[in-house]
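Below, each structure is written out as structure tokens.
In the two assemblies presented below, subunit A is common to both, partnered first by subunit B and then by subunit C.
Now for the complex of A and B:
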């Protein structure tokens, strides 16, 4: 029972990282500034590498090889939240998504650093430092563009209003929530959501943006159980194209 | 041949970071422990960044180098049991970084905030009149800065 709960937790974290990592990589060569091109490419490399580390733990628990898990599933077998699979859109949406997601991810890793499951707590301790850079990057730009020009404020506000219901889907409850909490593997999505709201509110309050009321917005759920938008399957196909041509290729 | 940890570490001094060829893996702090059991050697390593693509190359370099000195049974174990952070870079390593033109990471209390990466001395002229351009760089472990004194862009090995 605990193992099922643990695997479900590992899958959703790994899949979030992999899919958002892939989306971030789509900015390579297209960033609005050279620095942003580098930033999104670096965050892509971090996230894909981090997903590999979670898949490696799953492999230790009896699941397939990391590459097989990453490349050989269909969209409906992925456990990522829908937020991370949405197309990059314009830079304002990518930035808002990065901000909303990475605040949650950093807090998740801080919570998991206390996990009773040691492979997870060791990895989470390591990842906190890396994801802190992602959050720092997001905060810098949200603060700057969230108070810059009418256009930048309007665009970010529009993306924030659109993305928030999807971001609430990050915290979709697992059927195993109480098992994770009781066994001190993870303190739970509700606890994470509460800390996340505090964390993003603090940054938003330093800008001219308004955080929509998270208690009235309805979360976009389903991603954790394989329900996805039409955007995920094409992403998965593109991501796995080379692997599927020759699964034994080595480089 | 009786192997000692000291001897092994001396040989491992030859294995450099593939992306920073002046910095040995020992000085970088990614080799966390060397264990000897008769003729078997176990080298424990921890990656700088989880997504660092150089780790497999480093692992192979460790094996090749020890093989060269006649140590044949080498196992490398990469784990997060000891988590790498930039405080683990030795003083010798910091000096090597600076000479290479990379600002060494400041020692920190493991809570890295913006003011820690922003306030960095230029590795060329030593001026502290510098600004951070981006916390990301050409490799995962570097950030990009500009020195207002000598008008030179430079990179920092990031504190993490």
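Now for the complex of A and C:
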């Protein structure tokens, strides 16, 4: 029972990272400034690398090889939240998604650093530094553009209003919440969500943006159980194109 | 014509767009100088420049431009306009040969200044240490007393300590996984070996 709960947790973490990493990498070469292009691409690479580390733990637990898990599933077999699969849109949306997601990820890793499942606590501790930078990067942009010009504030606000219900989908409850909590593997999505709200509120309050009321917004759910938007399948196909042509390809 | 890159095709760029997107002159952001500490105990060294709207942005850009490979334990950024630069000497002459030994200034200000030396043409400026002085000229005189032993300084940069935006001790973890990111180095791909092997296979078949 615990193993099912653990695997479900690992899959959703890894799938979020792989899909968002791939999405963010779509900005490579197209970013708004050369420096930002490189920074955003580097972080996308970090996310894909992190997903590999979580798939490796799953492999230890008897699941397929990381490459097979990453490239040989259809969209409805992915456990990522819908937030991460949405198309990049314009840069304001990509920044807001990065901000909302990475705050949750940093807190999730801080919680997992205390996990009773040692491979997970070790990995979470190791990766915290990378995500600390990702959050620093997101906060710097949100603070900058969230108080800059009418256009930048309006754009970020529009993206924030649009993205928040999807972001709440990060915390979709698992049927195994109590098993994870009782076994001290993970303190649970509700605890994470409460800390996340506090964390993003703190940054938003330093800008001219308004955080929509998260108690009123209805979360976009379903991603954790394989219910996805039309945008995920094309992403998965593009991502796995090389692997499907030649599984032994290497560079 | 279509691009080989699906992301570019998805943008549906107009065929003729050059006239609409002409850039204004001087539309670039200000520049910041970036200094990296490669290892604990090693001096900070100049790595390059980023464009940014303020020092916070300069810092987040600098982290990925100039500390995404090898190892790193600290990062400084400083607006280029706040870096005071000495003459560049020729033929291995030290900048300090033309600097007075005596501080004639009557002031007793005690601003802190960081001193950087260029020790070899084409290499980076390296942090030598800190001096206290009332102004940049006085800082150069103090720097002569403190740092002119050893290899000649071919060029000296002086920056007020307060003008440097630096990483904190808690930030050091952002570089912890760097040693595992060998995939960011071209050498990790052993491209020449692979090309050689490919050619041998081609020749054999």
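Criterion: the second predicted complex is superposed on the first by the 251 of 251 C-alpha atoms of A that agree within 3 Å, B and C clash if a C-alpha of one lies under 4 Å from a C-alpha of the other, contacts with A are read in each partner's own complex, and residues count from 1 in each chain.
Assume a contact is a pair of C-beta atoms (placed from the backbone, for glycine too) under 8 Å apart; a residue touches a chain by one contact, two chains touch by 3 or more.
Worth saying up front: this structure is predicted, and the values here are computed from it rather than measured.
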{"item": "Clash or fit (per the criteria above) of subunit B with subunit C on subunit A", "value": "clash"}
{"item": "Partner chain(s) touched by A:26 [first = subunit B, second = subunit C, both, neither]", "value": "second"}
{"item": "Which superposed partner A:137 touches (first subunit B, second subunit C, both, neither)", "value": "both"}
{"item": "First (subunit B), second (subunit C), both or neither touched by A:122", "value": "first"}
{"item": "Touched partner set for A:152, first subunit B, second subunit C, both or neither", "value": "neither"}
{"item": "Partner chain(s) touched by A:52 [first = subunit B, second = subunit C, both, neither]", "value": "first"}
{"item": "Which of subunit B and subunit C A:38 touches, first, second, both or neither", "value": "both"}
{"item": "Colliding stretch - subunit C into subunit B, listed as 135-143, 171-179 or 189-197", "value": "171-179"}
{"item": "Intersection of the subunit A residues that touch subunit B with those that touch subunit C", "value": "35-36, 38-39, 42-43, 45, 49, 126-127, 129-130, 132-133, 136-137, 140"}
{"item": "Subunit A-facing residues of subunit C, complex", "value": "5-8, 11, 29, 50-54, 56-57, 59-61, 63-65, 68, 171-177, 181, 184, 189, 194"}
{"item": "Residue numbers on subunit A that touch subunit B, as the complex places them", "value": "35-36, 38-39, 41-43, 45-50, 52-53, 119, 122-123, 125-127, 129-130, 132-133, 136-137, 140"}
{"item": "Complex interface listing, subunit B residues touching subunit A", "value": "49-53, 79-81, 83-85, 110, 112-114, 133-138, 140, 144, 158, 160"}
{"item": "Subunit C partner contacts - residues on subunit A that touch it in the complex", "value": "26, 29-30, 33-36, 38-39, 42-43, 45, 49, 126-130, 132-133, 136-137, 140-141, 143-144, 238, 251"}
